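Just dropping this structure here.
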Amino acid sequence: VADLYPALAACDLSFEPHDAGIAAGADVVFLAVPHTAAMAVAPALLDAGAVVIDHSADFRLKDPAVYEKWYDVAHAAPGLIEEAVYGLPEVSRAGLADARLVACAGCYPTATSLAVVPALESGRVVGDRVVVDAKCGVAGAGRTPTPFSHYRNANEAVTPYNVAAHRHVPEIEQVMRGAAGRDVQLVFGPHLVPMTRGLLSTAYLPVEGLDLESAHEIYAARYEGEPFVSVLEPGRMPSTGDVEGSNRAHLGLAYDEHGATLIAVCAIDNLVKGSSGQAIQCANAVLGLPETTGLEAPAPVV
Amino acid sequence: VADLYPALAACDLSFEPHDAGIAAGADVVFLAVPHTAAMAVAPALLDAGAVVIDHSADFRLKDPAVYEKWYDVAHAAPGLIEEAVYGLPEVSRAGLADARLVACAGCYPTATSLAVVPALESGRVVGDRVVVDAKCGVAGAGRTPTPFSHYRNANEAVTPYNVAAHRHVPEIEQVMRGAAGRDVQLVFGPHLVPMTRGLLSTAYLPVEGLDLESAHEIYAARYEGEPFVSVLEPGRMPSTGDVEGSNRAHLGLAYDEHGATLIAVCAIDNLVKGSSGQAIQCANAVLGLPETTGLEAPAPVV
Amino acid sequence: VADLYPALAACDLSFEPHDAGIAAGADVVFLAVPHTAAMAVAPALLDAGAVVIDHSADFRLKDPAVYEKWYDVAHAAPGLIEEAVYGLPEVSRAGLADARLVACAGCYPTATSLAVVPALESGRVVGDRVVVDAKCGVAGAGRTPTPFSHYRNANEAVTPYNVAAHRHVPEIEQVMRGAAGRDVQLVFGPHLVPMTRGLLSTAYLPVEGLDLESAHEIYAARYEGEPFVSVLEPGRMPSTGDVEGSNRAHLGLAYDEHGATLIAVCAIDNLVKGSSGQAIQCANAVLGLPETTGLEAPAPVV
Amino acid sequence: VADLYPALAACDLSFEPHDAGIAAGADVVFLAVPHTAAMAVAPALLDAGAVVIDHSADFRLKDPAVYEKWYDVAHAAPGLIEEAVYGLPEVSRAGLADARLVACAGCYPTATSLAVVPALESGRVVGDRVVVDAKCGVAGAGRTPTPFSHYRNANEAVTPYNVAAHRHVPEIEQVMRGAAGRDVQLVFGPHLVPMTRGLLSTAYLPVEGLDLESAHEIYAARYEGEPFVSVLEPGRMPSTGDVEGSNRAHLGLAYDEHGATLIAVCAIDNLVKGSSGQAIQCANAVLGLPETTGLEAPAPVV
């Protein structure tokens, strides 16, 4: 491990090839394999009695046809889709308590859902279209060098990508449907920004009967007691820099009166709350541990 | 000059205090003074016969009451407002030919107007609300050190600011009204991103009777022959890195079919096309010179 | 605290004005006040029975005349200088066990001392001049916005500063003298690099009777058992990115045979091992706690 | 061209495969092919009557044995080595006037040579060892995505590489020998820093009979009239940010009295003065054009 990750120079763990026997003896298995690979190995792990916490998209979408449309492959374990519990504790905590298979939320869906769910649940969002503009650091694209993550391409540049065509759209719409009780179209614009970590979702929600103060009350009440969500005071906006390295989400609100639009902004570290940290939080929820176990380090302060 | 700007080490020009006598003999005066200072000095310069190219906001808004609302001061030269020509040649070229006083477009209004004007002029935009999410480099905030532009605050962080409350909103809405022939509300979310130069406006336009191909035709036709605007092929998106250091604007389009929304994205260098380069382009237009005079350097290629 | 440091949004601590009464009841006081302010308040705290862990330079230099030369002020508590123990546990651990007053090492001295001490102690360094070229992130300059830390000045630029005139030179030479048993001149070139955290010292040590393998043995033996120092395998070099956010120091070695020069490179996070982390490590050493108490978080992995 | 380099969206040039016939009709051919490829194609181009300006290392080293040692291949055109003129006009201008084959200086050798040549020519450098610590932006590593240039690896990190083993060492020592009239060993420490463009060489020169003022006089006299070299006033240091995008070199000096060491620092844009800009400057020198032809754009000012 230390060889591949020099930051862990003091770590004496080793990577080992996947071994069904070892996995069979585990209480919990974290699956961090690509989309399509997860649905191939999950069934045997579940049969062996493990709880499976899956990072991939394979068990997130409830409709196998939608999965096939966006991932270009038929689902290999459709029988497990219904059982899988979505891994975003702030939204799906109830189901996690006795889950065997958790489909952890993706990074964009995490930040976006946290930003829009309280407003949608409140019934004050009008119309059937929500615009979400998102900005993500480069490390979200993984460790493989590509032109996309090449320093000279990414540095000093903001670039939209997969606009109106990102695979996370159906996942977010599924959450929105659950919160609103009706279909809401997501118009989604992701952008690559020149930083390593961090993801910020800016949601533009057309509303009626809401102003900044009442919106703040709704959000504060919705997330009261959540160990990893801070709703900032009206007038303050979150920054990805403030959550870097932590499992926290910061939420800020603004209200555009003349456009009758609530703007809800959520910042997370996509490598923690948007990925591995969330997986640990989900495992804690499944195992009945305090959700903060192993996740208490705050963001480093500069 | 070289002392303050070491990059100009080979330059032997000197700064001199403003002198009404010198200015009186000039054919063109570029005013780069703060808001409220420009309207104090412009009248005398015009009386002395100079063409005034003003970088400030003082002569951009046609309604003095709107100016007073956003800039907290009564307008000092309301008689000049009507005469002032808006300095965004791609939108206001006709008026520039015989202008005496040019109110150069701000950085956000430049990128945003170029992104939305063709769609609004086409009559295909529906509803009365357009969401624009914008991302800007730190140098747009000027040379004075502030917490906002402090390295440790700005680096590795995306942060919204002045959401739904930015002074450029009425200026952009004025351009939108001109293009659409009716009032359109702008819901505007500006963000600070960790790079020095560059500005990207992502406009979400609800449309009817338009798809990606037809939208591209409209934009390509609208900007045909424009020396500084490139409409990228469908499927390509602009990056601020590609216009850095140049007076160029790059425009990209996407269409979200299920949300019936055209997404028009414009990238500029806010310090050139969004500021001094545009002022030179405007001066060229006023003086009858080719608009590209002094502005032909492309962006450096990396 | 959360108001000033949004990253600590979940923190409910408050800043309070310095109060001599409160401080008098403390077992340990961490002094994080500017140079010259520390020597004004330390005596009363010591009198009240507290252990004082001082971040400033006030008690680092053993010769008050050298202090006065570099800090332009006469020392206000010269009687405490001799008692003060230098706060770099890897070098001065013995003295820390029963210290009352600890003068924590500065950031450049920490990285530089760790890089040069084993070679100097080995007696293989020849000549009386060592070149150290150092590179530091911008956050080392503090939270006050200045032209030095202004984003547009610091970003995309490497800039030397205080070359051959940095206040840390006498502090480092004091450590070098202790290790070598003789005077060694430090030629020191600090540089500002465009990153928030991190400091890298590259030391060029003229040597005799040493090659890469034997040098590696000397360094590995010298730091064996050190909880925060990793001597990398020959052929590997440290990166500031690998220690960011942690109290760790990574050390790499190269040997230039034709120039008979050992190149020893040390990377730290200047805000942790070069500052507050080191203060905690020193306090642990004074109090008889494991030195890693409160400091076990590794660098975040990307 | 515009397809590969979106920054050149307005450019209507096309790339074409290398064609010996086309090349044969050219007055000047700029060779931008990898090491070992240049020596394969240069002879035919010269035979066809073209002036060849070569970016590669193939004709830089005067000793084919040294070439073979560092590039692991026997030289394919040793007969041309003697004729080739080194392409660093400030050092080798005399030979360029009637050159047929120019071996353009590499990026590190350019900045380093400009920093050390005046001191070495002056005869005031003592000893036989010069330490040069260099810092380079990521774009110097080319357009191919690699772990080295992967954003998450390069960002927020300073990392040494090829310490005491960089291929540019023999090239720089060749220039140093020419300037000093004797062998001088270069101890060379290159570092990767998180920025796209820019290269800074910090040279530590042990001297006798020199102080800051006299050193400044020597450097200012040596570069008097050079169109692309600025020797900064004593007390000022160069920054890579100030030469970004231009063909200029900025030089700063400091003197460490107690270590009797002159510190000479040179900043260039490695993609211009360290590469293509220098090639144009060399071609101008060969063709009898003003050396600044096509290179007059200053660095953009922020």
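Read from first to last, the chains carry the letters A, B, C and D; within each, the first residue is number 1.
Quick note on the criterion: contacts are C-beta pairs under 8 Å (C-beta built on N, C-alpha and C of every residue); 3 or more make two chains touch, one makes a residue touch a chain.
Keep in mind the model is a prediction, meaning the values are calculated, not measured.
A.B. asks: Measuring centre to centre, with centres taken as mean CA positions, what chain is farthest from subunit A?
C.D. replies: With centres defined by C-alpha atoms, farthest from subunit A sits D.
A.B. asks: Return the chain pair with more inter-chain C-beta contacts, choosing between B-D and A-D.
C.D. replies: B-D
A.B. asks: Using mean CA coordinates as chain centres, what's the subunit A-subunit D distance in Å?
C.D. replies: Distance between chain centres: 47 Å.
A.B. asks: Cα centroid separation between subunit B and subunit D, in whole Å?
C.D. replies: The computed centroid separation for subunit B versus subunit D comes out at 39 Å.
A.B. asks: In subunit B, which residues are in touch with two or more of the other chains?
C.D. replies: Each of 139, 152, 155-156, 195-197, 238-239, 241-242, 244, 302 in subunit B touches at least two other chains.
A.B. asks: Which residues of subunit A touch subunit B in their complex?
C.D. replies: Touch residues, subunit A against subunit B: 129, 131, 133, 135, 137, 152-153, 155-161, 163-165, 185-189, 191, 193-198, 200, 202, 204, 206, 237-242, 244, 252, 254-261, 263, 265, 267, 302.
A.B. asks: Could you please specify the touching residues of subunit C with respect to subunit A in the complex?
C.D. replies: Per the stated touch rule, the residues are 5-11, 139, 156, 196-197, 227, 230, 232, 236, 238-239, 241-246, 248, 250, 271, 297-302.
A.B. asks: Can you tell me which positions in subunit A touch subunit D when the two form their complex?
C.D. replies: On the subunit A side, the touching residues are 138-139, 143, 145-147, 149-152, 154-156, 194-196.
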